[in-house]
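In what follows, structures are represented as structure tokens.
One chain, subunit A, appears in both complexes that follow, with subunit B as partner in the first and subunit C in the second.
And now, the complex of A and B:
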């Protein structure tokens, strides 16, 4: 634990910490471009110069390259260091265009900030600037090479961190070009992180270019709803339009990055076909009137058929409060069925997976990154949980052994082609024509790169193939992790391993360190499984099978099969234009995750709060003059008469005679009331609140 | 297409390496020897032999000075323009050669015989100004000596 002094402040840091990080630990900012916490150092930009006044090293040094050592006395404000930084900034700016006002990065540009902070304001260089031709990198990322300052962050992320092979650094010396060999869409499913990681405007989000400045955005800490991992994000919106999504750091979960599916699936929120108008029998009404009508319909239905013929349908896509309220509604009505999953299998397997997880054995993405052995069983990481593939790659880069359970055929049919060449860079690619997207989100919300033939990318790590989980040398590892799709075979073999390991652990055998991760279906699948267990929920298929159900009310549910015609859909609440909405007697438009506060419980059982980013309503872009500015007095924006499902249910319950105010996060969920959206989240495994 | 024998030689070279990337320069030089310069086709062939993407081969090809990604003449003259040679008169040497050959630095003579390339340090700083043709280093060379050396190589071709 070296002790050093930085700007008169004594600092003690762990071995291996750089002077730059040591300074950051006491809130002394040192400018940096090439250094990044997730990528480490490159020593490429020279802008983090500090002066060492005393100790084992003296003089001006690069603080990102220098490990903190005992006795160092560091000054960030020394004249020589300040002059050096100022010169470096001036030199970096020689070829950089002086056109911040017309650059999309302006206002959120590290180079702009450090140029101003470094005191370089007047240009002395009057020579010709080095210029490049930009490349077409696909529909998501714009390329402006003239802005490049050669920090190498992009290629270090793309090739080293994410395992991409189609983008890199070409040339040398004064002509270094970061790009692809030929124009074409970037192939990595993590390419969008170039936008976040570039310290200036070489890579910008094409889907949101020139739509707003940083200070215009509505933003808030949020959680990605596009798979079960719960990666942390900052969605950015303006004028009621979700413009873009950026990664938010959470060291336990996604680290610094998110996948392209999470970043570029914003269109559904702004989609014109999104339900924004409450309907009763197809007739537009206000939300309050729709709820009145639903309460009446419900009353009549219960009187006619009895409460046991009603199913209240929630969804792993809906936030925790909405699902809790669905359970409360069921309780209030006295009977009926609570269905939080559609399929019998899905409900059973998710429940089983969740029951196997405890706070101790649940593997976070951080645990995966630090694992020394990883076994994969029955999952397609890049399709179902892309960030897990990135986490496994980090473990593999640090020497972890990775095993894929299954026969060659199973593995090939389950995913993109396997590795045939060991070692970095041995990634094979295969042409695969993606089906044209049916909706902006594609089937099941899966991401289809806009209009292009997506080249299926292989997993970004090498693995050994084994026939069964029993063949994986788990006992040899210190920090093993098993990643498993919530499939029957997977769960069975994990059950065996667990019982074996408990047995041999009792004999002083196997390690207690074994961690598990399941890939679930939906951002709140874990929460729904917990609720289903507490409230005896059953899958909708199961409920329909026994023939008693005659009507349903659904909240943000996707039904993967056609509901029998005999079943009355009394009401359906959603923000997505699902088939159920067209059949519902009462249509209740809801808010999306960016228009409400809520909680998703991710695949590990981590409850994470997301905050409201923007007010709901039709995006101003595209509104006809009749709708904007509004000619009718009112407090809601056009298309803004929507509400979170939890509130819709609470209002419905009031209409049905509930006299008490209904607070979803009460009783066993009370602990989540003060959940901090910017923290690491809270584990809610079985028994934690009981 | 490259001859099967060359392909086999290069594949053996890769097989001997601990990581394929380590054999990249040898593979690129082998292909360049065959084509005269590293053609786009050669980049794709190198990528296949090395198990890298074409971009990754391109990264290496554009880094190394002696790998030519554009057509060159039969004789390629590298004139060092790094600091030691510069101090010993490499600028004058380069200008003389430009005039002598009737081409600008970086260009190839019309008869496709000679390409003149300024380059960074040849590691011959004690003998500046230096130049290099193929695998042979020369230095110190006067403009006249340089012209004679080039003439000699021209005849050999």
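And now, the complex of A and C:
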């Protein structure tokens, strides 16, 4: 634990901390461009110069390169250090275009901030500026090389951190170029992170260019709903339109990055065809009227068929409160069935996977990044949980051995690309048909059109193929992790290993350090499995099998289109247009994850709160002249008469005679009431709330 | 300059045949053959070491000899070797840096075109001392003849049992590879060289860790210059004391290749006792200045070293005396300028090279050098202002904080220009044109 003094403030930091980080730990900001916590030191930009006045090292030094040492006396304000930092800005400004007013990065640009902070204003260099040709990098990322300050963050992320091969540094001296060999879409499924890590405006989010300045955005901490990993995000919206999504740091989960699927799947929120209008028998009504109608319908149904004929359907893509309320509704009605999963298999396997996990053995993405051995069993990482592939790569880069269990065929399909991106001229399309009905979000914002390059989207790490999990030398590892899809064979072999290990651990065999990760289906699949266990939920297909169920009310569930015709869909609540809506007596439009507060429990059992980012309603962009500017002023924005499923259920329960105020996060869930949206999250493994 | 001219190695005055090491075997106009080298005592040192010396003995002899790195930095070779940890598992590597791209320097080329066997033997001895079983020669792209010589020499050494398995019947094994560089000045920087050899972008690496601990493919690695390694056989064959005594001064050690170019009568590469005075090199060994030329200044040790003028005529050309006189011995590449040379133009020419050859990694080098180039261009074209001198001075200071030694080296001649020829620079500015009429 070296002790040093920075600007007269004594600091004690762990071994290996750089002077830059030590300064940050006491809130002394030191400008930096090339240094990034996830990418480490590069020493390229030289803007983090400080002066060491005393101690083992003296003189002007780069604080990002220098490990903190005992006895150092550091000054960030020394004239020589300030002059050096000023020079770096002057050098960078020799070629940087003065296009801040028309640059999409303006207002959130590190270069802009440090240039202004350093006071650079007078140009001494009277030569020409260097210019580059920009490349077409696909439909998601805009390239503007003239703005580049050669911090090498992009190539360090793309090649080293993410294992991409089609983008990198070219050229030398003052004409270094960051791009591809030829124009074309970036192939890495993590390419969108270039937008986040570029300290200036070389890479900007093409899907949201010129729509807002940083201070215009509605922003809040959020959680990605597009797979079960629960990566932390900051969605950014303006004028009721979700414009873009950026990564939010959570060291336990996604670290600093997110995948492209999570970043560029914003269109569904803004889609004009999205349900925004309550309907009764196909006629537009207010949400309150729709709930009245549903209460009446429900009353008639219960009288006619009895409560045991009703199924309340929740979903792994609905937040925890919504699913809790679905369970409460069933309790209140006395009988009926609670269905949080559609398919029997899915319900059973998810439940089994969740039952194998404990707070101790559940592997976070951080555990994966730090693992020394990883076994992959029955999973398609790039499709089902892309950020896990990135986490495994970090372990592999640090020397971890990676094993893939399965036959050659299985492994080849596991290496298939996660999604294909548009080729030149291709556009982002929502492909309804390409998605399996059990998909948590239905259309995943697939990027169709144009071919794909299997090799380019191969897993970003090398692995050894083994026939079965038993062939993986787990016992040789200190920090082994098994990653498994929620498949029958995978769960069975893990069950065997766990029972073996309990036995062999007693004989000094397998370490207790073994960690498990399951890839589940949906952002709240863990939460649903836990609720299903507590409330004896069954899968809808199981419930329908015995013919007892005559009617359902569904909340954000992707039900199969071939739901038997004899089943009455009393009500369907969703923000996504599903096939079920056309059959529903009452349609209740709900809010999306960015329009409400909620909790998702991710694949490891980590409950994470997401906050409301924006008000619901039709995006102002695209409104007809009759609607904008508004001439009739109502309480809600056009299309804004929607509510979270949990609230809809609560209001329905009141109409059905519930007199108490219903608080979802009560009883066993009370501990989640104060869950901090900016924290690491809370583990909710079974028994911990009981 | 024609290559065949350079190949006529000549030995003058103090440097007799007995006291040369590197050029001892040379034949006029061609490379010495393997048989000739062998007949003239070649591989005697390797045999001697393998028969009766331990790796530590070899390293100790090199430490005792006082040999300093001939690539430019002058770091004591034996000490560099001693940084390699003895007990780390896994392979360790030796790399011969033959990426000779310092303007004004061509000594390694002459050496390799004359006698590649000396380097092979030197690398075998060094590998023995360091426990290396795989060594690489990283050679400049343009040095095709030298690379060909080396490949032939390696094949012959293999055949004769001086490379490969169980060398000279001992347990020592060594494989030598020649790698032709893709060609950039930065590849001469040892860590950028290792990146290039690994097949990745030739940017320098951060130090620490130093190559001796974590180098090529993460393994302990020693990088030595051609001339440095070529000195090892003589040290082992004749002993460190003998080697030390070759120098012109008691403080020095061994001989040095000087490659002289510019306005002298006989531009030549020659082996002289290290510490031979500058004036003696020019007057005695290069036939003085060209007819009609008088000495104005010279670069003493390759393009990145500050100038010497007539006042430095008597400086002993060895690492410490040259450093004391405000410059660096560098590679021993002496470029001589006469009275017609505009020092601003000469400096600009050098800075243009460095600005082009920056690898582009760090800001001071990538952006600062073009700024210096631009400023010198303005001055030389008569458009300079008094404040331009401040800009140059600032850069001389601040480019020291670049990532590697390229930018500080590039500022060597600029620093020399401002220290020794500030009046000439000011004349450009006040007169609005180059006083020597170069523009």
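One rule holds for everything that comes next: the second predicted complex is superposed on the first by the 646 of 690 C-alpha atoms of A that agree within 3 Å, B and C clash if a C-alpha of one lies under 4 Å from a C-alpha of the other, contacts with A are read in each partner's own complex, and residues count from 1 in each chain.
We take it that contacts are C-beta pairs under 8 Å (C-beta built on N, C-alpha and C of every residue); 3 or more make two chains touch, one makes a residue touch a chain.
Computed from a prediction, not measured in an experiment: that's the story for all the values here.
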State whether A:286 touches subunit B only (first), subunit C only (second), both chains, or neither.
-> neither
Between subunit B (first) and subunit C (second), which does A:181 come into contact with in this model arrangement: first, second, both, or neither?
-> first
Partner chain in contact with A:44 - subunit B first, subunit C second, else both or neither | second
For A:468, decide between first (touching subunit B), second (touching subunit C), both and neither.
-> neither
Using the superposition on chain A described above, determine whether A:84 touches subunit B (first), subunit C (second), both, or neither.
-> second
Have a look and say if subunit B or subunit C is in touch with more residues of subunit A.
-> C
Looking at the overlay, does A:167 come into contact with subunit B only (first), subunit C only (second), both, or neither?
-> first
Check: subunit A residues flagged as touching subunit B and also subunit C 168-169, 171-173
Please give the residue numbers of subunit B that touch subunit A in the complex, ascending.
-> 19-21, 43, 51-56, 58-59, 62-63, 120
Residue ranges of subunit A in contact with subunit B within the complex | 159, 165-173, 177, 180-181, 421, 423-427
Which subunit A residues qualify as touching subunit C in the complex?
-> 41-47, 49, 60, 62, 65, 83-84, 87-88, 91-92, 94-95, 124-127, 149-150, 152, 168-169, 171-176
Note: in the complex, subunit C contacts subunit A through residues 184, 186, 201, 206, 355-364, 366-371, 374, 378, 387, 391, 394, 398, 401-403
